[in-house]
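Structure first, commentary second.
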Amino acid sequence: MSLKVVIIGGGSSYTPEIIEGFISRYESFPVSELSLVDIESGRGKLEIVGALARRMINKSGYPIKLSWTLNRKEALQNADFVTTQIRVGGLKAREKDEKIPLTHGVIGQETNGPGGIFKALRTIPVLLDISRDIHDICPGAWLINFTNPAGIVTEALLKYSLHKKVVGVCNIPINMKNSVAEMMNVEAKHVEIEFIGMNHFVFGRKVCVKGIDRTEEVLDKLIHNEVDYSPANIISLGWSKEFIQSINLLPNPYHQYYFQTEDVLAKDLKAFAENGTRAEIVKEVEKELFVKYQEEQLQEKPKELEKRGGAYYSDAACSLMNSIYNDKGDIQTVNILNQGAITGLPHDSVIEVNAVITKVGPKPITIGELPLSVRGIIQQMKAFEQLVIEAAISGEYLKAYQAMIMNPFVRNEKKAKIILDELLEAHKDYLPQFHTK
Amino acid sequence: MSLKVVIIGGGSSYTPEIIEGFISRYESFPVSELSLVDIESGRGKLEIVGALARRMINKSGYPIKLSWTLNRKEALQNADFVTTQIRVGGLKAREKDEKIPLTHGVIGQETNGPGGIFKALRTIPVLLDISRDIHDICPGAWLINFTNPAGIVTEALLKYSLHKKVVGVCNIPINMKNSVAEMMNVEAKHVEIEFIGMNHFVFGRKVCVKGIDRTEEVLDKLIHNEVDYSPANIISLGWSKEFIQSINLLPNPYHQYYFQTEDVLAKDLKAFAENGTRAEIVKEVEKELFVKYQEEQLQEKPKELEKRGGAYYSDAACSLMNSIYNDKGDIQTVNILNQGAITGLPHDSVIEVNAVITKVGPKPITIGELPLSVRGIIQQMKAFEQLVIEAAISGEYLKAYQAMIMNPFVRNEKKAKIILDELLEAHKDYLPQFHTK
Amino acid sequence: MSLKVVIIGGGSSYTPEIIEGFISRYESFPVSELSLVDIESGRGKLEIVGALARRMINKSGYPIKLSWTLNRKEALQNADFVTTQIRVGGLKAREKDEKIPLTHGVIGQETNGPGGIFKALRTIPVLLDISRDIHDICPGAWLINFTNPAGIVTEALLKYSLHKKVVGVCNIPINMKNSVAEMMNVEAKHVEIEFIGMNHFVFGRKVCVKGIDRTEEVLDKLIHNEVDYSPANIISLGWSKEFIQSINLLPNPYHQYYFQTEDVLAKDLKAFAENGTRAEIVKEVEKELFVKYQEEQLQEKPKELEKRGGAYYSDAACSLMNSIYNDKGDIQTVNILNQGAITGLPHDSVIEVNAVITKVGPKPITIGELPLSVRGIIQQMKAFEQLVIEAAISGEYLKAYQAMIMNPFVRNEKKAKIILDELLEAHKDYLPQFHTK
Amino acid sequence: MSLKVVIIGGGSSYTPEIIEGFISRYESFPVSELSLVDIESGRGKLEIVGALARRMINKSGYPIKLSWTLNRKEALQNADFVTTQIRVGGLKAREKDEKIPLTHGVIGQETNGPGGIFKALRTIPVLLDISRDIHDICPGAWLINFTNPAGIVTEALLKYSLHKKVVGVCNIPINMKNSVAEMMNVEAKHVEIEFIGMNHFVFGRKVCVKGIDRTEEVLDKLIHNEVDYSPANIISLGWSKEFIQSINLLPNPYHQYYFQTEDVLAKDLKAFAENGTRAEIVKEVEKELFVKYQEEQLQEKPKELEKRGGAYYSDAACSLMNSIYNDKGDIQTVNILNQGAITGLPHDSVIEVNAVITKVGPKPITIGELPLSVRGIIQQMKAFEQLVIEAAISGEYLKAYQAMIMNPFVRNEKKAKIILDELLEAHKDYLPQFHTK
């Protein structure tokens, strides 16, 4: 039986991680064909990554047929799973996403901040294109999206594409679970966290270790800085006793941006003055990685890859594909339609939630009411996300302005306009919906 | 480590089944102490069942400490699980539940019919008492309720008792799964049915066999009568092609009462004339069973028990306790709070739904919108159930009338009064809330 | 300033009533142009009614320009209000709606019964056509629909037509108000009833007379048969004390069909045996009316018209148009989108509710939760209505079967099929969506 | 017939305005008895205001029996309406509400800001006391609350008091209507604004002048600064074209605090450095007013009163009482239970909404979905309000912290604690629920 996986954005520096994931899971998830797809401007990287992938597969000894191509439609033929890990405009665009807001004293934040708005505006139309191709060419395939902002992009696909077999994944929940496991001195598989909310704005409500509720201990350790689950790309400032005790939930690392805004901003500005933006650092890391990838003797994912913030992303994706393929019925944290699982959020919006993973797709476990302490800000972020989607689809300036002014980092009538105008201009080439009218 | 289970209504003829369940699961669910509780009027049966249970345990060789008592409070000390399988008023009461409506040309139906109303009115106050004891004496214990009408009783407990660790179970979903498995020639563990609705009014929306959606085939077989999942106590008339194709769902056997009312009524009346009510038949079966139970050489659950409609009830209960105890995270069909899992039903009402079973309790898998074809009748039955609960709690005549008139078998201003008055009178001794004012 | 009203179905015997309504309101609602539209088969009636309307207007002395035509599109030019009072298939069709179910022991009921289903199936496509014309020709016009089943038809228009300025009206609420006024010895304008529910299934929750809550008195009088608000076309059996006290709401006359089904059925069958169906009686009344209408000296609405059940329909419609035109801000009972006014019913469904009538349309006054006593049956009827609409739009047999089996008068797998098949055949000529495939 | 009104906080400098309101409405709202109530510390002011009120009534010639007292329970005997206009802790407390946050670079804002939190914490227990007295002494009386934060306080009363006849009023909607009227050159009675949202966070969705939708014109004038509806106590910075066009709603003056935070803060800080807080200015104004009030020849509300921000508050209250008393059925903007009128806000929360005013209370006109552009921030503010209420009722430090950290002006883990601690200390005497444990 054939099992074909297509990786869109195959030239990404993350690809070796997902290749490793397939190799290590081969016995249960026997990929028979693997196709890496990229675009013209990524041809060079694709060649390098492709060659490394070949060496890795060869070393494994598994009969995985590997190919790489710029022809997406061809690659999609007979696909069972398609993953997307693209970056429209590349790291150069991310640099602008971060730098421009920062010059106006506003955090850029490439997920849910002003930078994230523009990442979404650039990405959504491209993903809709890919989704259309999948619907036409391999309608039975699952689209596993880990292109950021993963939640917003997944919601846009589920609302505006005909292809409904779409799941979004993020590494934050896995990171949080791993950190808690480390802190509690158990294996990650013994840790269950009830996640509530949305991608990059998710909270952990109940932490069970081997089925026993140990939330309080974990929160206590969090207060005393005994755990740090910030991935490499996110600031790590720690949390105050009052904050943790009052919300009585596990925040995710991104919440620092929202509740310690001034400190983060100060640190960002300082870091920016000293080292440039995170994007610039990442560029440097990437450059080094690609030098490494070209070493002929390299036959595995290099350690250096873990310096990137995206660690575990591909792990999350591989686990998900494995469970769908094998109808495992296990529980994973994914980005899928709400359908009432969280009361007070629209039924047709995407949430990040624990779900039972089956062959017919993930089914969200019901959460019920959000805790009052975070209900308001989660609802507000969800409405913000929907404004971003409406802007991305319509290409209307006023809708983009709505998203910008309603972003919690902005909330300033005048700055909203300035940042919006500068970013629209800076990303001109990647925003045809805003400029070709 | 100790693991104590208390069986309230331990003198029931079903008890040997649950004993067998504990013995067969001993390796994973090592019951260390088992206490059978009953009331004075059940003393005789309790002795017989207790003795049989002792022989069964002895034969198994497992170190399960067994006792039986009329002192509930004592038995509850240190309990981890409490099951309830009581019948307030006994089979005599059930006989009246069925006979009185029938004499007015109305189906009695001991679950959701006029008979079910009175079963609930008698049972809810008693279960609330038990629940209060549990809350006081063993607050950490799970109450596994399989006293009928299981859904209504469970909802009443979750609304009006302080003890919130309550789960209701019914054998209908298990029966349906087993029947489908038989029909599709697979083991039951390979069958997944997405159950939607409420106890005794549940539908199956999607049937997956080994992860593959095979709903259509199953519906087709249902039309051609290739499957019959009616338990022993329920009529089995088959379904018409149009009905099955139009609702596009698996009905449960009880739905025959609602959509083939006249045929069921005719059959019931005929059977009644010939053999008396189902209750009378059951009485006979029971009598024989207790004769059997007294045979000294009997050391296992007798085959004859399967003639009863409740088969698999204890299986459902044992599976559930096992999964809670071991934090299995598997999926079982239980009666728990909706919390938004089914859109359009009150969040604080109890639904019958697939749930992930963990140590901290079952978590419902989100269903979303009900199919339009059955949305209305499910909503109507849910409101009816709530009327029954309000009547049971308040003891108000007019509330009991509301429940009666809104029952789909009644819906007749005058008959509602007649049947209500006769049943109130007939059950006088077991309805203090209606009579001591 | 011009004010043009178009009456679709202008040849109806009810037209003189609406003409009278315009004349009596001329000072505040100065109709300058009035166009009666009908179809070829109604040409004869249209001529007669047109001539009578002319005599009525002449007598009034008001400068209302009157015309009648078979050319709908022409008539719609510059219309400000369009009313629809059509009967697709005529009284002959209604006769079948009633007779066919009755021959199978089921109430036909031309509003929400099996007959009503078919009235809706015939009518919805025609109204959608009219609505399309309005949208194209006079998009600013309000469509005042009093074609039955008014609620269902209005919901179908709001869901499936581009023209959103649609309001449904029914005479039941006005009748109930008038009856209460009579009973309480006050003018109707001093009576306020809070209506909750849907067309032909509406209840009155709170009755205020001159701002004072006098619900209890009214219910008491209802029990003692001191009030009878059944219009001419509806049975009048009275209500039992228990029923009224337990629901604690004012039922509408149609509720007799649902809660006194057997009595109504018996009476219907008897009446049918003696006099034929209500449709046949109405035919006779109509014949007499048209003889009367042709009397040259007749210059006003004849008293005989009140024998018809539709009395006050045109009054409701005229009041509504008057208040929209004058931005009155008064409160009338209309059929409009729920939008959350009634909790537990879909937001996009049509309810019958008190609304503030303004120039930009009626705005529903919030009801909140439905009383538990009637919540279930109202939800069930709403789902039934939606099934009817889906059947009418799709023309699918299985959807029509769904509507039939879920109708509370049917609820019988086999009868549903028989009645459905016979009615589909009987109305063949008026159900192209079901037959031209 | 008697009509008694009790004014709690009768010694307020606003009282002459409400007295004037009663005098001018005497023909339709014939107050027969008026009682001014205050507490010991307000005795001096009460005497002065009482004497002025007496002169005003004497001049009017109307037979209104006036009294003033420190005995609230006595005053409440036979009351029909009770208004509350109190300021727990007086202007001194307000000064702290504003000054303390400001010293940490945060806007104090006495309605929905950190200052507003503490105003609510001080006020809610007092109002609950008053409400309890009303429930005991004059249960039929309507409590018209215009004590700020009016929305939050009203919600707390409706949730935690047995007395349910409570309506909150604010002058913002009236001010907005008056300003629009002025701008459009019409009388205020011809202006209808559809208000959506909550007290001090309300938006205007549709503006009709004489029934014609003229929203666009009004928004256009707003952009061009042709209208300024900021009351005296609120900053007036104008709005940018992009903001107004993108939200496509009328903001209320308080929205400047949220979307022009930095400018407002700068201005506040400057003003504070130069003149002290608004509270200090108000103190000065008040001092002058009371000098004026003591002039023996003064027999009417002095012009100077309009310098206060609360103008029209009493107008709103008098209109409301008048419409309730006369069962007018007109539409006013009030703070009442949502009950589903606004989708996406809790049913049991209080919204500011147009309502039909009747003798049995105001009934909200259904709004439906909030516009996406402001949905998120309105939901967030509503959750914030609920946190404030929970803190006020429980007296728990962590709940107060939740409210503080979730306030959009704060959103800073550390500042939240500092500001909270300082305010808790500063208001110690008025927060027994936080300090007596």
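Some observations on this one:
To keep things simple, chains are lettered A, B, C and D as they appear, and every chain counts its residues starting from 1.
As a convention for this text, contacts are C-beta pairs under 8 Å (C-beta built on N, C-alpha and C of every residue); 3 or more make two chains touch, one makes a residue touch a chain.
Model, not experiment: these values are computed from the prediction.
Of all chains in the assembly, none touches chain A and also chain D. Distance from chain B peaks, on a Cα-centroid basis, for D. Between the Cα centres of chain A and chain C there is a gap of 55 Å. As a whole-number value, the distance joining the C-alpha centres of chain B and chain C reads 45 Å. Of all residues in chain D, those touching chain A in their complex are 239-240, 242-243, 245-247, 258-262, 344, 372-373, 375-377, 379-384, 386-387, 390, 398-399, 401-402, 405-406, 408, 411-414, 416-417. Of all the residues in chain B, the ones that touch chain A in their complex are 192, 206, 208, 210-213, 326-327, 329-331, 337, 339-343, 347, 356, 358-360, 363-369.
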